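Each of the next two complexes has chain A plus one more chain, namely chain B in the first and chain C in the second.
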Partner chain A sequence: MSQGGYRRPHRWAWWMERPGYMRFMIRELTSFFMAGYLVVFLVTLSRVGAGDAAFAEWVGALSRPGWVAAHVVALLAAVWHAITFFGAVPQAMPIFLGEKRLSAPIAMIVMGYGPWLTVSAVVVWWMLR
Partner chain B sequence: MSSSGSDGRRGGRRARHSGEAFWWALFSAGGVMAALFVPAFVVVTGVLLPAGDPAVAAARAEAFGQAVGWWPVKIALLGVIVLSLFHCAHRIRHTLMDFGLRRYSGLLKVPCYGGALAASLWAALVLRGNTGLV
Partner chain C sequence: MSKERASASAGRVGSGEQVAGSPVATDERTITLELFRYHPETDAEPRFQSYEVPYNEDWVVLDAINWIKDHVDGTVTHRWSCRMGVCGSCGMMVNGEPVLTCAAFLKSYFPFAVRVEPLVNFPVERDLVVSMDGFMDKLEAVKPYMIRDDVNDTSGGEFRQSPAELAKYKQFSMCINCMLCYAACPVVGHEEGFLGPAALALGHRYNKDSRDHGRSERMDVMLSDEAMWGCTFVGECSVVCPKHVDPAGAIQQAKAMGAQEYFKAFVMPKGAGA
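Coming up: the complex of A and B.
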């Protein structure tokens, strides 16, 4: 697939050149950790169906320090993904009330952080009640 | 969300070729699902499920098993997991391109979207009740 035109060559570490680039790259890297977590989540779901003993054994493994640390990293990545994703809502989906554009903080709460907190509370309650 | 303002890498001329628009749609929907659900999933399975004394852990394990065993929840989980996987695949592919693999952008589709597809099929099998794979 020929792109045509000139592409300025850049170092692989171009994202270290500016804080904004760095923030962009950190946001992108959250996807690696979330993908890894999703695979572990699938293992957890498969262990549920494998019987009480198999599931208890897997949960016991998850309580080891290495797995706890990995999940803390995954949690930070997932939270950062959510914050950056919902933080972009006002630019991505501007909401107008008549002629007036809904202010950015209100749009973020109504279209992002509010639903996020609600869904999170329901998920935690539902899965562990 | 969209980074087209800064570098245009996900939009523009290229979007008309190569099915990029299709992956972009999956990417956006997956981004919403991942943002809404994944932090809570991590808290449940990575923190609350393994924490606590054995009696609490056993009660939580039973509650978790019942919650994810109900078929409407299984369908919802499958949707959230599949869309989130494709979101991650898209971002991982573009991040690898940004790290200097741009010339392999086509080839990178195989491990990225192929991996997401494989994990999606696995998710469908797991949620269908076939747990012999792991």
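Coming up: the complex of A and C.
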């Protein structure tokens, strides 16, 4: 039997065929928002280096509704990306205790949500102290 | 083979006749099956052909296709064997979903029509049968067998393994080569050379086997651009897997293993310790 045979046309709209494909595309698209936020962050650092007046002007610009909305979107994208990342951890990094594998929810807490919430709590404490 | 001849010679027969080995219809209701038809000697393009099949809630889609072949149209060509989710032969697209047709009950679709196609991402040989040649080549490429110099030396007894060592790969050894994961993988559809979920999971299965010594041989293949780094972790291969093998997980673990070996090569280059 040859590898010939009828080849069906390429499915350009493949990502609309299954909810899982759509979730994958959304996960990948979140990286654009995170890259955009990184650019803003780098500009912020450069404004810090340019002096107090330049930094104050930049912070004033970022306080406008459009920029605030952009930051909220970037935050939601980052949170969603983190959730999908933590969901993948049990598959990519299984933890075995002898012949027993740590269940997925426990692995997600131990290697994902636990450290995430701990670091976030420390950051919030440091900002509010 | 004898069954093939029996159903082909029966041709169009009345639904009241019983062909040996054919499922028995016990319900007055019917369900429509739309089968993908393609005979390379006569068809330039595939087409769909509808069949009315007796509805029986105990029937699976494979029973319905067998009924069509035995009672209505002996030219329908499909691949099947065990009817119990073990052989992995009867994987097809049912209403766009890659499934084992021996495990897809008609009652899940009734009263709506059921559209059956050959697995996507594979060339079609005839009707519902796809070409497996490329898949077999990919399986072979990862050397899915025990590699060690003393594999034929039984003087020391069996190669022992603890339950904990077995647990590290057992899940990945459950693959039945049904190819549903290839039909669910968009990377396979885009890049014909991509080794794909089942082959990479099987390679990882042997790499994780404590009795195997062939990891470096296998990783030469698995680390290539068309192997595990081609996987973008869509994850649908694991969703459709009827044996819960989790090929997506195996590939991510193999990536971690490959990255470790890459950095280890910097720290401890070959021959440095000699």
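Simple rule for what comes next: the second predicted complex is superposed on the first by the 109 of 129 C-alpha atoms of A that agree within 3 Å, B and C clash if a C-alpha of one lies under 4 Å from a C-alpha of the other, contacts with A are read in each partner's own complex, and residues count from 1 in each chain.
One rule holds for everything that comes next: a contact is a pair of C-beta atoms (placed from the backbone, for glycine too) under 8 Å apart; a residue touches a chain by one contact, two chains touch by 3 or more.
These numbers come from a predicted model, not from an experiment.
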| item | value |
| --- | --- |
| Touched partner set for A:17, first chain B, second chain C, both or neither | second |
| Partner chain in contact with A:124 - chain B first, chain C second, else both or neither | first |
| Contacts of A:75 with chain B and chain C, given as first, second, both or neither | first |
| First, second, both or neither for A:88, with chain B first and chain C second | both |
| First (chain B), second (chain C), both or neither touched by A:114 | neither |
| Between chain B and chain C, more extensive residue contact with chain A | B |
| Partner chain(s) touched by A:105 [first = chain B, second = chain C, both, neither] | neither |
| Set intersection of chain A contacts, chain C complex versus chain B complex | 1, 3, 14-15, 24, 28, 88, 91-92 |
| Residue ranges of chain B touching chain A (in the complex, touch as defined) | 1-3, 6, 14, 17-18, 31-32, 34-51, 57-58, 60-61, 63-65, 67-69, 73, 77, 81, 84-85, 87-92, 94-95, 98-100, 105-106, 119, 122-123, 126-127, 129, 131, 133-134 |
| Contact footprint of chain C on chain A as seen in their complex | 1-8, 10-11, 14-15, 17-18, 20-21, 24, 28, 88, 90-94, 96, 98-101 |
| Residues of chain A touching chain B in the complex | 1, 3, 12, 14-15, 24-25, 28-29, 31-32, 34-35, 37-50, 52, 55-56, 59-60, 62-63, 67-68, 70-72, 74-75, 78-79, 81-82, 85-86, 88-89, 91-92, 112, 115-116, 119-120, 123-124, 126-129 |
| Touching residues on chain C, where the partner in the complex is chain A | 38, 40, 46, 96, 120, 123-126, 130-134, 162-164, 166-168, 184, 186, 189-190, 232-236, 238-239, 246, 248-249, 252-253, 255-256 |
